[in-house]
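Report on the structure given below.
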Amino acid sequence: MILLDIYSFSTLTSSIDKSLNDAMAPWMATLTEFVLLGLVFLIFYALLGLFLVYLERKVCAVIQNRIGPNRVGKWGMFQTIADLIKLLMKELITIKNADKFLFNLAPFVVIIASFMAMAALPFAKGLQAIDLNIGIFYVIAVSSLGVVGILIAGWSSNSKYSLIGAMRSGAQIISYELSVGLALLAIVIFSGSMQLSTIVESQADGWWIFKGHIPAVFAFVLYLITATAEINRGPFDLAEAESELTAGFHTEYSGIKFAFFFLAEYMNMFIVAAIAATLFLGGWMPLHIGGWEGFNQIMDYIPSIIWFFGKTFVIIYIIMWFKWTFPRLRIDQLLNLEWKYLLPLNLINTVIISFVVLMGLYFK
Amino acid sequence: MNSVVRYINDIYKGVVSLWTGMRVTGKYFISPGEIVTEQYPENLATLKMEDRFKGEVIMPHDENNQHQCTGCGICEMNCPNGSIEIITKRVPNENGKMVRAIDKHIYHLAMCTFCELCIKTCPSNAITWGQDFEHAVFDRTRLTKVLNKPGSSLKKKEVKS
Amino acid sequence: MGKNNKLLEFIANSIPYGTLIQGFQYPELTVPSGKLHDAAGALKNFKEQPFDYLVSLTAVDHLEKFTMVYHLESTPTHTMIVLKADLANRDKTRIDTVSDLWVAAEFHEREVFDLFGIHFNNHPDMRRLFLEDDYGYPLRKDFKDDVNIIEYSN
Amino acid sequence: MSEEAVKKIILKEDEDYIVNMGPQHPSTHGVLRMEVCLNGETVKYMIPHIGYIHRGMEKMAESNTYKQIIHLTDRMDYLSAHINNEAVCLAVENALGVEVPERVQYIRAILDELTRIASHHLWWSAFGMDLGALTTFFYGMRDREKILAIFEESFGSRLLHSFNTPGGLMHDVHPDFRKHTLEFVKYFRKKLPDYKNLLTDNVIFHNRTIGIGVMDKEMAVNYGVTGPSGRGSGFSCDIRKTAPYGIYDKVEFNEILYSEGDSFARYKVRMDEMEESLNILEQLVENMPEEGGFTAKMKPVVKLPEGEYFQRVEAARGEFAVFIVSKGEKYPYRIKFRSPNFSNLFVLSQLAIGGIIADLVAITGSLDLVIPDIDR
């Protein structure tokens, strides 16, 4: 436990806070912190988004017996940066008879929604922008705002494909929002808190997926499936469905506006993976097994930020693995799956978890 | 009750089938030795095309800059697309008589459909397949080629003894 | 291909206006163009060997006449028969459609209409299939298009 | 299409939500335009528009000699190029009464089956991709590559090889042809379980295809839907069985028939056909004579005696037939190609009605259309 503090970021962040407060008025300090945080997140967001695009291309390439990008830089590392430069320089095509204001607004809505969700994520010990006491609630609420952007994009493009894609996306996210919430509720019941930092602390002696055994594993699997649907990724990528709707809601977008959608999609994937890692796999908490002191100490030597990103990327890989294996569902089957299978199972699981917690049947 | 069993059975079967699918892709993910990508410009040094590869029609010349084309025009006649044009001229042979000889054997690569009829029907085996396949050019006119090299002449037929 | 007596008998009885000859591969039945639909219907509804599969439908321009050629197969026995009808008139060539018997004919007839200019009576959708409305009928032997077709001979 | 449907086309209702799928659309596999009228996502009617790449091959063929026509047939159904070539060759050979050596017949049949497998590979790849399983594309292409390597080794080209010629073959096959074919058979047998696990058994795939686009036998016969699509409806239309040509009457194989008539049945027919083709290949390679030449004696200029000749072969997508009218010249007077996809396409507008867009894509994929074959 002492070792954990070596890697804690709280000393760093509090010292910055202190020096800022010493140097200027408190409101100025807060404002500067806002700006600083915003800048850090922007850079992090962009870099992570680019890396995720690169990762996806490499993962799918290996799955498909290919090499993947290998021209720009060593192992094609700078491929996505080259792509970004290309996207930046591309023409922004204006669509005839499109609703100009909404058309331009939509990418921002989508990207802001995913950007806001980042604020509540605990990246490492002491590295969390804002530790809300309703953290999970906030993340769910904010991340589902993205669908508004998708609907606006589909509506304002004045394209039939876009409209169909947007409508599909609307139906899909409204349905799957329920299951995502219920699956996350499992951990809220276990830990008795909605504050993300408390949930992470509660896993110091074992992750919830182990402590909660069968119901927690079940909730984890359900969360993975519904979260994949929530972020419009294959096999649930009906909003894009390139073989049916060419590119779905972003058919008419080009250049950097398209890049916003693209980036937001990948960042949403990161966010759901991070939530899964935080809630089910202990977040930045190292792998601790109750009673094994030596083992726990060795695990503590690994910095918490590595633990967090390691777990997140494992889940991201699983989500990618889904996409590159399965055929796409049909829209009615997608809704069937949610309302006839996932939601009932989730409800039953929630009841079981409440029972398990009441009787104290989970590992403490 | 029956429907509940079916419901659960459906879920079980579905999950199993999804897992078998994921095992296939997972198997290839952990075996990078299966990668089949050909790294084209890098492997140029080792890239060996098949002997019969139809890259383009060429006219082999020997070391004396001599070819075997008599300018008979059978290839031109057999080409279904008109991608061969034969321009002949009259040159004196060793006896001083004016005989027909090839001036230009023009080959429009852009029009060629690689049906092999010209090569098949050539009575003197003057043309054959070349293995070059890098035909991308910026200007279409560069795909029109003259197959006989400048200054080349007809190879003398060796008299069979 | 053995002698198909039942078929011969049937044709002699119900299609007396047709002339049946043994062609190179298949029996060929030539009927007057006005009676084509009747003959086709009779063949389609022949109880023992219903010719229910239209393999191919096309026309041939013999300059003095068009010949409609229908290749029919009987799916239970896999016997083939060729049905032919001559059309003399070049300008207002008309023949009855067989698309009510074989749906496949609908599109083959549209193709023939497009390329030969043969109209089909009672066809549900007599529009051109590939070409513009003002384009000529390219598979006619007297078709000339100086703009688009470069003629070459070899 | 009924008359009401036609009227609807002309008098389009204002509230109809018309979506043009194509000519450039990822799921049409070519320049096919489908005018889809939607009610929500449900298809009210669908009208295919073709002719974007019509090249007038029948007209072109009228000024080409019989040997030159071969390379035109390559470019119709480019995925069963070899089989198309064979149709013209067989027609000419039958008309002239030429006996081609048995070895040529064996080689032709081997190449037919290889072409068929390669074509089904591509269909499998593209069908998976239509349904959103993007990985199938690369696995299918990877295995197809092995066949193309065999082709390249023997013919010098991979797709359009114009290897048949009236009377036999252009060349003898490569000395390693036999060995490499057997190697491929072995290799592909090993890879087939992957196909099964990845797509055939997948529950999402079942949901997407079973009961989608049901075509009963009467409909298949009436529309002239042949090939695997027809056999998925129980229409026994395998020309290799019903009107054997070449060496096929000496080969033992089963005609794959399914009676369900939905997209999954069509899928299963093609998957089983690949396995059946492997069996045929093994028999043929085993019995192929080493000696016997690769061509029959033919005159340099082929002139068909006056008459009409019809030759049917089983291409990868159905019955390909060539109808030649000769007036005794070296050019055909009239040549008609009965292409399988032309007939297969038009059943689509009937199958699509009542489904949703995703079903339309699944049905299009299961019919396995090659657009240049429709347009010719």
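Note that the chains are named A, B, C and D in the order they appear, and that numbering of residues resets to 1 at the start of each chain.
The criterion applied here is as follows: a residue touches a chain if its C-beta (ideal position, glycine included) is under 8 Å from a C-beta of that chain, and two chains touch if they have at least 3 such contacts.
What you see is a predicted model, and the numbers here were worked out from it, not measured in a lab.
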Original post:
Comparing centres built from CA atoms, which chain ends up most distant from chain B?
Top reply: A
Original post:
When the contacting C-beta pairs are counted for C-D and for B-D, which pair yields the higher total?
Top reply: C-D
Original post:
Taking each chain's centre as the mean of its CA atoms, how far is chain B from chain D in angstrom?
Top reply: 25
**OP:** Compute the distance, rounded to whole Å, between the mean C-alpha positions of chain A and chain B.
**Re:** 51
Original post:
Using the average of all C-alpha atoms in each chain as its centre, how far is it in Å between chain A and chain D?
Top reply: 46
Subject >> Multi-chain contact residues (two or more partners), chain D >> reply: 135, 142, 198-199, 202, 204
**OP:** Indicate the residues of chain B shared as contacts by at least two other chains.
**Re:** 18, 21, 24-25, 36, 78, 80
Original post:
Which parts of chain C, given as residue numbers and ranges, touch two or more other chains?
Top reply: 152
**OP:** Spell out the part of chain A that touches chain B in their complex, as residue ranges.
**Re:** 59, 62-67, 70, 321-322, 324-326, 341, 345
Subject >> Residue ranges of chain B touching chain A (in the complex, touch as defined) >> reply: 11, 18, 21-22, 24-26, 28-29, 32, 34-37, 39
Subject >> chain D partner contacts - residues on chain C that touch it in the complex >> reply: 23-26, 52-56, 58, 60-61, 69, 71, 75, 78, 80, 82, 102-104, 106-108, 111, 115, 124-125, 129-131, 138-139, 151-153
Original post:
Can you list the residues on chain B that touch chain D in the complex?
Top reply: 13-14, 17-18, 20-21, 23-25, 36, 50, 52-54, 78, 80, 113-117, 120-121, 129
Original post:
Tell me, which parts of chain A touch chain D in their complex?
Top reply: 60, 63-66, 160-161, 164, 168, 234-235, 237, 241-246, 323-333
